[in-house]
Structure formats: structure tokens, C-alpha cells
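Each of the next two complexes has subunit A plus one more chain, namely subunit B in the first and subunit C in the second.
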Partner chain A sequence: MREVFFYLFAFLSVAFALVSVTHRNVIKGGLSLLASFIALGAVYFTAGAEFIGIVQVIVYGGAIVVLYLFALMTMDLKSFGKELLRTVSLAAGGAISLFLLFSVLYAGYRFYGGSIPAAVSGAKELALPLFYRFLLPFEVVSVLLLVATVGAVAVGRREE
Partner chain B sequence: MELNVKLLFPEFFVLAAAITGILIDLLLPKRVKNGFFATFSVFVLFASVFLVVFSSPFVPEEAFNGFVKKDLLTGFSQILILFSSLIAVFVSYGFLKKFDTDHVGEFYYTLLFAVFGAMLMVSANELATLFVSLEVMSISVYVLSALFKKDYRGKEAALKYFIMGSVGAAVIVYGFALLYGISGSTNYGDLASYISTYSFPVLLALALVISGFLFKLGAVPFHGWTPDVYHGAPTPVTLFMGAVVKIAAFVALLKLFYPVFLPLTQKWGEVFAVIGVVSAFVGALMALRQENIKRMLAYSAISHTGVVLTALVSVPAVSVFSVLFYLFAYAFMTVAAFGFISLLTEKGFKGENLSDWRNLYGKSPFLALSLVVIFMSLAGIPPLFGFWAKFYVLVALVKAGKVGIAVAILIASAISLYFYLRPVVYAFMKEGEAVLPPIEPFEFGAVAVTVFFLILFGIFPELISQASLFALSSFLRGII
Partner chain C sequence: MTPFDFFVLSGLLFAVGLFGVIVRRNVISLFFSLELLLNSANVLLVGFSKLHGNLFGEVFVFFVLAVAAAEAAVGLAIVVALYRYRKSVNTEDFSILRW
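Entry: the complex of A and B
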């Protein structure tokens, strides 16, 4: 059962990733990137790493894609269509992609057949140090964020 | 493994007060804010002085699974931090009356946050706690520098300090990460057992941590930001960063280096000595030509930092003693000097140049005489407090057989006498009109009290040296 979902979500993730780089409309591309990230999060779930899966959905799906979309909306999207693909950038991007593809294939070949450990990154293993052993620095980080937020608002606001 | 939360009661008290300040700030009308928040901060700081006095243990105690360790070294440095912050609040009260800002509430509670960071920093016994508290303090100070209206200089200083300080923090964290990689722990006690021999990672980590601390302290290869930031920041903030940040950084350095890098003491002691001598000279020589007194004091701060750093080459116990004594003297002198400048400042950055102090004696003899006390103490003239600080450092160096370094420090002090005498010459012997804005009573009182202490501790240095000895013995009990 696990394998079925693993391959299903893996396929979805790759398919949406393909859509996101090939679609002519950038906003739709961004949305399919979001779908790809969520599918990737589901892949982590099927592999037994719930915590990384949740973080993947929250951080990438929630924060980073939204940031991308905001950035895209501030740009002039019309002018993008006219730009022709230049050979140099195409070659560079292709070389990097090929390198990544080979490293993924090699890694898959090396580790093929290995079993999945029971708790790869459970939330409990992370929570215990974070909320007990490192309690003090963890709480002081929240003070740090508070100071930084107050400071950013006070310094960034326009003078009356 | 136990939390022992009550050990950190003074820190949490300051933190709770700061957060309460944020809430109160929303409710008050603007015209009462300055008076209310100044009173509030003074009350909080006074109360936490008492809390620190009653909660500092002689036998070191740990809390939060050994993440903080308190002893009398921590206690005394916290009292020094709180005292300097108290003076900073009194000075700020007058300064905020003269200079306009929309952020009166923010100013005071960010100051309290910075005090919290400094207090936690001197009690930290673990790398993550040390770093996080260092950042709480630093970020608060960056914010404080930028809060005044139409103060382009302060904003420039804030940005410069922010960029340089972040680089320094990043360097420290690289060092900490290496230390964690070597030992698998961030606790000072566990780290110490792994760092007994030379190895490349240990030396690299040591170099990075030292560089980061020198960044924060403003010692020579990394001193570039000091003059601009000290000059640009509003004077009460300069007072705060000159005194509190330096105390916190030095005490954190002592508390980190002696337990963790004890086997390598000889090596890093020599590094600090070389850097210290260079800093003492560079600071003294650069200060000679400064017309702006805040800038001059910034170079003098580099020079003083250098003198303190040379003390670290001595025998560990003697070093801790002389560094703590020097910090006491340095904090009082810095607070007095910048409080004095703030007292004389007027709109349009007037009153902080040497030429604005011409014939100050004619206008206000008392102020002119306190100026003599402050600057002669900075120069290290007996019988003032600053003399004994330098004296103990020199004795420590000579006892350790480092006569060459002691002579170098003496020469640098002799050079610095020239620029410390210049304000005195201007105030007493030059013809002209001193800029003398209406004197704020609280600001004036704060300066007068610190000047009184400079004389008192100059005549009775044993008050502070006894306290430093207690702190030293308590600190050593924690290491052995």
C-alpha cells in the first residue's frame, strides 16, 4: 500500500514540476510548483518522515511559494514572452540539470534496496531537545524575534 | 538535569518589565511617555539590582540543564551592567527632552531588552545561550541607534553597526559550530574535556571565536566600525554601548575562554596580548587628531580595550581579577564621559566638538571641574579610579614577566595623556563661548554621582578590589 502511494505522489510531484517549468503562464507555473511541493511532502509521509513532510508543506508550500507569487506579481510579466532563450543560459541550465540527474541516479543506484529506518525524523526526537534540553535558548530566540519585529516597525515607519 | 528557574529571576524580571512596557506604550498619550517610562525603567533597574544582590550565589549554581551558571563574577558584572543602564536612563530622560522622537516608549523598553540580553550573556554557560543573548543585546542596540527623528547620523551608525555586528556574529557562530562538531556538545563543561590538545579544527574554531569577540569588542584588526558608530549614535546609546556591551562581551569572553580553552591559555593569551598592544597604540595615535569628542572617546575606547586584552596574557587568576577591576573603572569612566557630553549637547549636533567647550570654566566651574576628573581618570592619573585600573593591569603583566608589554602599555598611556588633556585645555585656557544648553537636573545628577564615584573609588580602590577578589574566587570554584 505504502509503495503505491509513494509512486503515485512521486509521479505527481515530477509531473507538476514539469508543468511549472514548461507552462507559458508564470502564475500557473507557480501554482503547479506549489502542487509539486505538496506532493513531495506526501512522498516524505509515505517514506515515514512525518516531520519533514509537515515542514515541507508549511515552509515550502506555505511560505516560499507565496513569496514567489508575490515577487512575480510585482514584475512586468508581459515582457517575459518576448525574451528569447539564449544558447548560453540554455546550455548552462542544461548542464546543471544533467549533473543533478546523474547524481540522483547514482545515489539511487548506490542505496538501492536499503530498508527505511523506523523513525527517520520523528517529531518526538526533535521536540525533546528543543523543548527540554535547549529550552532556554529556544525561548530567548522568541525574545530576539520580538525585539527585531518592534525595531523593524519603529525604524521602518515613515517619520511624521 | 533540572530547570532551577528561580536562579534566573532577575533576568526574567527585567524581561517581563520590558514586555509590560510594550503594552503600556499603547495606552499612554505621548506627552507623559518620557516621564513615565524613565521612572518605570529606573524602578525596574533598581529593583533588579536588589534581586541580583540577593540571588547571586558564592558557590556557583547552574540552571536550565547547566545552560546558565551564576557565580559572583556574574553577579558583580550584572550589577555593573544595571548601574550603567541606570545612568543611561537618567541621561536619556534629559536627551529625549532635547531631541524629538516618535518612539519614546520603544526607546526605553528596547533599552530594557538590551539589559536583559547583557545580563543573560554574562551568566551563559553554553554556546547557544551565549549567542542568542548576544544577539538580543546587539539587535536592541542597533534599533536604539536609529530611533531619533531627522537624525541621519544615528541611522547611518545603526546600519554600519548592524552590518559589521552581523559579520562578527556570523564569525562567532562559525567558531561555535566547529566546537560543536568537535565535541558534540555545546555546554562549556563538556566542551572543555574535548579540547585538550592542538588540532587543526580546534585552532580554527579558536581563531574564529577570538575574531568574533574582537569584532564585538572593537579591538584592532576589527575596530573600523567603532569611531563611526560611537560618533553617530545618539549619546545615551553610545554611553550604553560603550559601557554595557563592553562589560558583557568581556565577561562572556572570560567565562567562555577559561573553562573551555584552559589548556591553550598560553597561546590565546599571547594572541590577545599582541592585539592588545597594537590596539592600545592605534587607539591612542588616532585619537590625537580628533576634534569631535565622541570620536575621540571612541578611539580611546579602542585603546582601553587593548589595555584590558593585554591583561589576559598573565596568570589566569590575576588576569580575571585585573580585567574585572578594569571593567569597573572603565564602565564608570565611560558612563561619566558620555553623560557629560550628553549634558552639553544641543540641537544640530552642537556641543560635542572641542571648540564648543571653550571657556567652559567661565560658564560653569562645577562642570569644568567634573570634566577634569573624568578625563584625568580616563588618562589614568592618580589618585583617580582609572589610575588603579591601569596599575593592576601593569602589576599583573610585570608579575607574569611580561615587562615588554607593560612598557608598551605605559608608552601608549603617555601618548593618550595628550588628547585627554586637550578638552581640559579648551575648557580652562581658551577664549570663547562654551555651548551650554539649559541643564537637565536628572542628567546632571547622574553625571555628578558617577564623578563622585570616580573620586571615591580612586581614594578607596580596595572597595572594588575586594569585590573583584570575591568574584574571582567564586569564579575559580566553578572551574575547578
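Entry: the complex of A and C
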């Protein structure tokens, strides 16, 4: 059963990602990016990573994409104009991304597998490594977020 | 559900994101593509963490999330400041530093 949902949500996630990258309207692209992230959260749920799935929906869907959409609200969408796509960059982008896709697929094909065990990791299981073994990186991340907040306010401030 | 499925999902997301980074000219769309690249890395981290049966990969996903949030905040502030300065979000209008 979880396999069915894994494939369903993985397909949805990639499809919405494709829409968000190729759509000309930025708002619609952002909304389909939101859908892609929520589908990816569901993929984490089917793999048993429950807490990561919840955090994915809250942080990526609820914070990051909504931040982009709020920033778009302060801009004049009509002034964006037509984006002209060059054939050279289309060909280069397609070739490079297809090459990378096939190299990742080849690495996955050569990888000695087995199957993913059905273990659920919630908040309780994740708390032990996060707060004991990775305590110092955790604190460093808090400093990083503080620096990012101060930097964002300082850069985005309107000069008087 | 095998590790190969995670490879496929991650590779597809990465290919889509990289295509967007190369092709798009809108800075906001470039950020969307960058988020897709970060997410494709997260997919493989979760998959390997589940395969190996320890949670270090899932803890690392947290750090990736924090870095992504910081990148989004600072990058968006820069884009808003640039938009105020140039009234555009098209990368071809930001060629003042190009020789």
C-alpha cells in the first residue's frame, strides 16, 4: 500500500515541479511549487520519515514558498514583461540536465540495494541524535538563522 | 520500495531544477528552481537514512532546511532591493557588472 502512495506522490511532485519551472506566470509557478513540496512531504510520510514530512510541509510549504509569494505581492507583476528564451540556453539546459539525470540513474542502478525497511521515525526518535550527537551543529544553525534574519532586514531596508 | 526509486525521484527533481536554473531569466523562478535542487538532495538523504536504519541522514535534512530558509530570506531581500533599484527582476537587466 505504501508503495502505491509513494509512486503516486512522487509522480505528483515531479509533475508539479515541472509546471513550476516552465510556467510563465510566477504566481502560478509558486503555487505549483507549493503543491510539489506538499507532495514531497507525503512521499516522506510513505517512506516512514514522519517528522521530516511534517517539517517539510510546515517549513517549505508554510514558510519559504509563502515568503516568495509575499515578496511577489510587493512587486508589480505587469512590469515583469515577456521572458525571451534562447534556443541555445534551452538546448544547453536540456542536455546538461538529461546528462545529470542519466548519471544519477546509472549510479542508482549500480548501487547495491535491498529494500527500504518500514520503520517510522517521529519526533521522539529524531530528538536523540539531534540533541546529543549533533548538538553543536544545531547551535551553529541557530546562529546562522539569526545572521540571516539580521542580514535580510539590513539588505531589504529602504534607505531614508 | 527500493533505493532505486529514491534515486529516480531525486534525479528527476534535480534535472527539473537544473533545467530551470539554466533556462529561466526571472530571478524568482530561479529561486524556485534552487529550492527544487535542495529538495532533491533531501530526498536521497531521507532514502539512505531509511536504508541504513540510522537517523543521521534525517538530522542532516534539518540543517539543509535551515540553510534553505536562510538562503530564501537573504536572497529575497537582495531581489527586493534590486527590484527597487532597477524596477525589474529579469537577470538580463542586471548586467551592470558585466564587462
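The rule is short, and it goes like this: the second predicted complex is superposed on the first by the 94 of 160 C-alpha atoms of A that agree within 3 Å, B and C clash if a C-alpha of one lies under 4 Å from a C-alpha of the other, contacts with A are read in each partner's own complex, and residues count from 1 in each chain.
Just so it is clear, contacts are C-beta pairs under 8 Å (C-beta built on N, C-alpha and C of every residue); 3 or more make two chains touch, one makes a residue touch a chain.
The structure presented is a predicted model; accordingly, all values stated were derived computationally and were not measured.
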Using the superposition on chain A described above, determine whether A:Val141 touches subunit B (first), subunit C (second), both, or neither.
both
Using the touch definition from the top, say if A:Met73 reaches subunit B (first), subunit C (second), both or neither.
neither
Residue contacts with subunit A in the superposition, subunit B compared against subunit C
C
Does the superposition put A:Tyr109 against subunit B (first), subunit C (second), both, or neither?
second
Return first, second, both or neither, reflecting whether A:Gly151 touches subunit B, subunit C, both chains, or no partner chain.
both
On the A-aligned overlay, A:Val43 touches which partner chain: subunit B = first, subunit C = second, or both, or neither?
second
Take the contacts of subunit A with subunit B and those with subunit C, and give the residues found in both.
133-134, 137, 141, 144, 147-148, 151, 155
Counting only contacts in the complex, subunit B reaches subunit A at residues 3, 15, 19, 22, 64-65, 67-68, 102-103, 106, 109-110, 113, 116, 120, 126, 128-129, 131-133, 135-136, 139-140, 142-143, 146-147, 149-150, 155, 158
Within the complex, subunit A is touched by subunit C residues 1-26, 28-29, 31-33, 35-36, 39, 42-43, 46-47, 49-51, 53-56, 58-59, 61-63, 65-74, 76-81, 83-84, 87-90
Taking the complex as given, what residues does subunit A use to touch subunit B?
132-137, 140-141, 143-144, 146-148, 150-151, 154-155, 157, 159-160
Parts of subunit A lying in touch with subunit C, wherever the complex brings them together
2-3, 6-7, 10, 13-14, 17-18, 20-22, 26, 29-30, 33, 36-37, 40, 43-44, 46-49, 51-52, 55-56, 59-60, 63-65, 67-68, 71-72, 74-76, 79-81, 83-85, 89-90, 92-94, 96-98, 100-101, 104-105, 107-109, 111, 113-117, 119, 121, 125-126, 128-130, 133-134, 137-138, 141, 144-145, 147-149, 151-153, 155-156, 158
